[in-house]
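Naming follows writing order (A, B, C, D, E and F), and every chain is counted from residue 1.
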Amino acid sequence: MILRIDKLPIELPKPKHPSPNNAAAIQELLGGKFGEMSTLMNYTMQSFNFRGRNQMRPYYDLIANIAAEEYGHIELVSYAINLLLTGASKRGTDPTTAPLKENVDARNSLHFISSGQTALPLDSQGRPWTGDYVFSSGNLKLDLIHNFFLECGARANKIRVYEMVDDPTAREMVGFLLVRGGVHIVAYARALEKLTGANVGKLLPIPDINNKKFPEARKLEEKGLHRIMFRFSVDDYKRVGEVWNGPHPEDGSELIVEDAIPAGFAPPDLDEEPQLTSPGIDPEMVAEFAARLSR
Amino acid sequence: MILRIDKLPIELPKPKHPSPNNAAAIQELLGGKFGEMSTLMNYTMQSFNFRGRNQMRPYYDLIANIAAEEYGHIELVSYAINLLLTGASKRGTDPTTAPLKENVDARNSLHFISSGQTALPLDSQGRPWTGDYVFSSGNLKLDLIHNFFLECGARANKIRVYEMVDDPTAREMVGFLLVRGGVHIVAYARALEKLTGANVGKLLPIPDINNKKFPEARKLEEKGLHRIMFRFSVDDYKRVGEVWNGPHPEDGSELIVEDAIPAGFAPPDLDEEPQLTSPGIDPEMVAEFAARLSR
Amino acid sequence: MILRIDKLPIELPKPKHPSPNNAAAIQELLGGKFGEMSTLMNYTMQSFNFRGRNQMRPYYDLIANIAAEEYGHIELVSYAINLLLTGASKRGTDPTTAPLKENVDARNSLHFISSGQTALPLDSQGRPWTGDYVFSSGNLKLDLIHNFFLECGARANKIRVYEMVDDPTAREMVGFLLVRGGVHIVAYARALEKLTGANVGKLLPIPDINNKKFPEARKLEEKGLHRIMFRFSVDDYKRVGEVWNGPHPEDGSELIVEDAIPAGFAPPDLDEEPQLTSPGIDPEMVAEFAARLSR
Amino acid sequence: MILRIDKLPIELPKPKHPSPNNAAAIQELLGGKFGEMSTLMNYTMQSFNFRGRNQMRPYYDLIANIAAEEYGHIELVSYAINLLLTGASKRGTDPTTAPLKENVDARNSLHFISSGQTALPLDSQGRPWTGDYVFSSGNLKLDLIHNFFLECGARANKIRVYEMVDDPTAREMVGFLLVRGGVHIVAYARALEKLTGANVGKLLPIPDINNKKFPEARKLEEKGLHRIMFRFSVDDYKRVGEVWNGPHPEDGSELIVEDAIPAGFAPPDLDEEPQLTSPGIDPEMVAEFAARLSR
Amino acid sequence: MILRIDKLPIELPKPKHPSPNNAAAIQELLGGKFGEMSTLMNYTMQSFNFRGRNQMRPYYDLIANIAAEEYGHIELVSYAINLLLTGASKRGTDPTTAPLKENVDARNSLHFISSGQTALPLDSQGRPWTGDYVFSSGNLKLDLIHNFFLECGARANKIRVYEMVDDPTAREMVGFLLVRGGVHIVAYARALEKLTGANVGKLLPIPDINNKKFPEARKLEEKGLHRIMFRFSVDDYKRVGEVWNGPHPEDGSELIVEDAIPAGFAPPDLDEEPQLTSPGIDPEMVAEFAARLSR
Amino acid sequence: MILRIDKLPIELPKPKHPSPNNAAAIQELLGGKFGEMSTLMNYTMQSFNFRGRNQMRPYYDLIANIAAEEYGHIELVSYAINLLLTGASKRGTDPTTAPLKENVDARNSLHFISSGQTALPLDSQGRPWTGDYVFSSGNLKLDLIHNFFLECGARANKIRVYEMVDDPTAREMVGFLLVRGGVHIVAYARALEKLTGANVGKLLPIPDINNKKFPEARKLEEKGLHRIMFRFSVDDYKRVGEVWNGPHPEDGSELIVEDAIPAGFAPPDLDEEPQLTSPGIDPEMVAEFAARLSR
């Protein structure tokens, strides 16, 4: 079970200007093979499916806890997409003005036809996320190698989306994901090292570029955010620190566990888009509707 | 963001005996078009994508809060599948004994080849859940009608899986889902009623059979579980009660909001399956491995 | 069985100018989840699959009859796409002039590579229509709620495509579909009302915008086209009027059944596109070919 | 546009006994790559998309007319599936008796969970029919070769399903399809011969087995059903006989056009399945419901 | 088994300038339904699956040998895509310069996010090649008709891509494929003629345009490349000449078998793209890395 | 380009008895996410897409050379499937005997309906292999980690199929694949070690079971087959030995390169299946057909 906190892990700046194609590109980080839906669902399913939990508790705690953090990441990527799509067509209530006319050339038409200019669980080509992206073999070592690879692949995608979309909303979001995804890379490397003795951390960074090259990531790493494993639970996953400890393989700083999560920031309010009847409040019905709510 | 609680909403009894085909059928309730992955992700995405939140806060709170409850449902269905698959092949470490031989006739071969006899985000035919199952139009009334329909379709599937799998693990799980899914049906009906004045609740029950016919559901309804909306958050979604109130459309009992969630039960431990090297602990390495954990 | 009538329900004006991306957008109304292929095949399959037909004849007749009308809709949308693609590349027979060069940027490349600048059963992203879009649960009430939702979702898509494509061919087509789809929305609402007593019509319009706002729809509604159920059969589906009767939920006009269908209009002839060898008549072979036809 | 006739082209005998796996196999003939959905939609789309219709009218008429006949084939296959599924689980209204228990081993679980023991647009593996199965290149010769190949592939599938399912319902249905599909094979061969002079008919039969080997087909061919092209229209497609003429390539009989279609047979009534709440008539509500119908 | 030869069948000129959308269009010839992956895998699987090989050896040899040639075609199409993508973004190592910014509008975003500006097994819409494109019925005549149709469909696609992309890299590649694909068309026509006596060659050309209209193909045909079947094996497939003989159906030239394959040309070296960390050599590590290679 | 050698890498014993479900399970090793189609196409595409080849030649040679070996593996798995399906239905030419009747319960109906009792590029659930299984990021380190993971995942699948199918045909095939796949695991581990200095080999074996436990693998390893990299080319990929050298990480034996490939064994002849008209030789036509071949 979960308790939801209606907060985002960081504060997202407003975009410089709406951009359907920027939003379309960022979809890769939500519903692509290496998007946040994939990290969320892989670790979530692996935690449900964990065999021999008692003998391997620290690994269970690690995977289950990272899964919990990923929920905030699908949230963050979705809001970045939503902000970039807000205002991306002409506002108004008269369909004969063809308010979506410019959007006929947008790469992802579903943002305008299926959704109300908001995120969908699709990749950058508009193809749906699928359960086939989940790997849960039951063999712990193999699952950990998968997770290590998945996070590295995700990192490559984040870097390339960063290079493609220079809007500050996107960069702030990707910078944060690079740091936190980096924590997960190190976590799975550490887990493999603990399990086998192989010095997996020596493979890093993958791809061959340091987070410090991304100003939005660098400023967070300077605050130490790359070496903290937050515990996303009040009472559980307490043995995560048996894996998450020792020096960070890239800069040698000490890996630490924090027993609480950051306060977070209220998610941005998304303006109405009347040309999409979104949300479709009929002003004349407001009074009647308010009356019914109070009943 | 979320906090995970390592508990299931109910206590699952052990199956009478493992059954790959029972597990395969239950997959429909996890990864099918009307499975819990669908309810979870539909409401989750709709909550991220909500436009005009301030004006429509009670509806936002309702959708976001139900989304949070659904997480516990994918968890519960997954554990039911896992229990039914545990012990479903011959235990041992010698592959030449063909420990999976009987499973060559199982309907879902991926339970044995891809996963370690555990759940995957697939439906009862072994087809993956897909992001195309998410509907998020941005028009509140349309999204609510979708959600109402989705929950009714999900109810039909639950009933049929109940009729197909008579193992107590499955029945206990489905009975619970019928009750809680019933809450969501009523919630979306109430939301539509509040928004439009149409008496949507008069359509119930859909399909045309009462929850009381299912003993595992009936016992929970007798405790009132069908009229409680739990708030799955410490500080948020507080206006859910502006929609969730009044008499239950089927039995007239009073709809109430509870500000906390039930305590829950520890998830069952899943036995090791050595023939699948799941989780694959090499006993000879235990000492060395323990040493590394402590480092 | 069916008898085909080589007529379209309305006369389509020629487009102002060809437009691959306009055509690509309109594909959503053909092969999208809420496109006309979906309405056609949902009601068609539900009519084949109807259990207890004798007891529930008026509902069977309603669904089967609406299914028949939908055939004319896939035809109409296809011709609109075809007209918008006709002339969309440079005509000629010399491939070295790169007659499709401009089309390399078109959103749906399959219009030029797979088809001869004509419609395909794809959505606006070029993804195929799939049988998974068909819902046929066997429970009448649930199927009717599905159909009601499907038509409302289809209406949302039609409105948004109208707002995206301002070409008169598209607008005339969408205006007609809004009216006739509106008939189907009311029909399924009436069916649910008859079956349960719930005043489903009070939910309308969904989304929250009236057909009168669309001039091409308004002119048809002024002729009463929104209150007529045509019977698409010579001898069958005669009890459709037991459901389709009473006042229209939006304007109170009387719902009536007509025992014949409108005369219709000859479908537009589609010009040859020699650069696509479509249809590929070799002028030198015409005589020989004519001779063979007469044999 | 179409007019529906509520008749099947032949009378289907009742199955000897229900059989989920027989029904699952027959699905290939409905929603498989070479199923009747494919022949229906290929020719339908090609007829909408036909360029240069006036110059090539006989070919247009041929394709459009065959498309119309295929509608009766999806109907026939669907009813065969429905008959084989009717009674395939235990009838009753008490879910605790697990009325679907035996069906947990059925190859297509969706017949019991998603549908009310009826057909779905899926293949024999439960995979959906998809719009990608439609070929419509715009080049007439290429489209005709495709159609010729499609019909031969469909014939192979029909033969193999015949060999797999020996129930009389299935055999009667397949025997009929072999004959009428055979007409389409010859029609496309003739069209190619007319267009190019190549003696395509000499390739037949494909696969290398004669329809006479199938008693249910042989009896129909003895009545000449393999040499008749019915015109599925009151007023249109009148030049089909310019292609459909001359001797049948396999037995030399004269190919003829009939201007009307056979009378057909009322489709079988499908019994209620109360355990699936299909259709879900609540007996206690019959009076109230009848009253509403009359309003 | 195979032996690889690190050569391409022709020399590819450098593109005039990189072009993401040209590359995206060419993907249809790699991973589309009628792309080279399809011809490769169809004939490959048919050769593995051939029943009665001894009685039908020449046909086996033909299919198996053509399969081998197709490998060089997926290679050639891939390199054409790769050349058109090389240099398609701004080179450099500083992500803050947004080196992929222009590519946010590219039709296939996966070229920049998933791959390192290189080919993927996708079609022109970015949809993956799938095993469902393989037809292997086991009936020789039917498989040959499929192959004949597949090659004709592939020819149509090649022609249209030629007309869409006028870059010399693409034209040289397509010109070659038209000639060699033309050989395969004739080969399957001959096989059908040998098997049945039908004069299938008389259907050609399909579509109705001669290879001579494409200068890059014409020059190769003038060298006779359209009448040579190369034997892609040292010791096997020696009876291919029993099918491949007689006059070419289009120009009457003599069909001949060559027992060796052309020498070929070294594949172009693909420049590094540092902004994609492709391949990601860290210059500072070169010495250490070289040392390890020598160990 | 390639030269095909009509030999299999090992000699496959005849199955003890045909088994459709055994064949269906083995399909996972052909067309599953971790099947041989995946290893073949991943390394093949990566070799086409390699950037900076000159600087990184030994890695290019390694990947390209392993790709070549994989071709023999799809061949071997296909033949194993084919042998297990040969004779799996009743032989004969009279369809009324329902020769496929038993096969209506087979897990993969396409083996009998679509193919002539032979392999298809599908997984064990009958789902097609797809190009989405190919990973080719352009970053060498990331591609190598992917390949290492892919081979480990493939190993897990092989082991489980071995445990599921105890037929000697399957076991001989899987035993061989375990050894040769083991070579590829070590090769990618070595490549990563050379590139980064990380001792990746220390992670092995993954999953946690030694090849020695599989008698069919053990006998090959005793011959040293696990330490040989064959060079699948006459003249190319000569620097593969700069990566493939040093001690084997599991048993310390010396890794060696062989400049030729093993002689191999003639592939088994597959008997005709007349009930499937496979291959469909009409005995009466043999003379005429032979005459045409000689022309």
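Quick notes
One rule holds for everything that comes next: a residue touches a chain if its C-beta (ideal position, glycine included) is under 8 Å from a C-beta of that chain, and two chains touch if they have at least 3 such contacts.
Here the structure is a predicted model, which means the values were calculated and not measured.
Identification of common neighbours of subunit B and subunit E yields A, C, D, F. Of all residue numbers that take part in the contact between subunit D and subunit E, over half occur on both sides, making this a same-residue interface. The equivalent interface to A-C, defined as the listed pair sharing over half of its contact pairs by residue number with it, is A-E out of A-F, D-E or A-E.
Taking the mean of the C-alpha atoms as each chain's centre, subunit C and subunit D sit 23 Å apart. Chain centres here are Cα averages; for subunit B and subunit D they lie 39 Å apart. Contact of a single residue of subunit C with at least two other chains is seen at positions 33, 107, 114, 125, 127, 132, 135, 137, 139, 141-142, 156, 197, 207-208, 276-277, 280-281. Of all possible chain pairings, those that touch are A-B, A-C, A-E, A-F, B-C, B-D, B-F, C-D, C-E, D-E, D-F, E-F. Residues of subunit A touching subunit B in their complex: 1-9, 31, 37, 41, 44-45, 48-56, 58, 64-65, 67-68, 71-72, 74-75, 78-79, 82, 114-122, 128-132, 134-142, 193-195, 197, 232-237, 242-243, 245-246, 261, 264, 267, 269-273, 276-281, 288-289, 292-295. Within the complex formed with subunit E, the residues of subunit D that make contact are 33, 132, 135, 137, 139, 141-142, 145-146, 148-149, 152-153, 156, 192, 196-203, 206-208.
Contact residues on subunit A toward subunit E in their complex (touch as defined above): 19, 21-22, 24-25, 28, 32-33, 107, 124-125, 127, 156-157, 159-166, 207-209, 213-215.
Of all the residues in subunit B, the ones that touch subunit F in their complex are 89, 93-96, 98-101, 103-105, 107-110, 112-114, 125-127, 275-277, 280-282.
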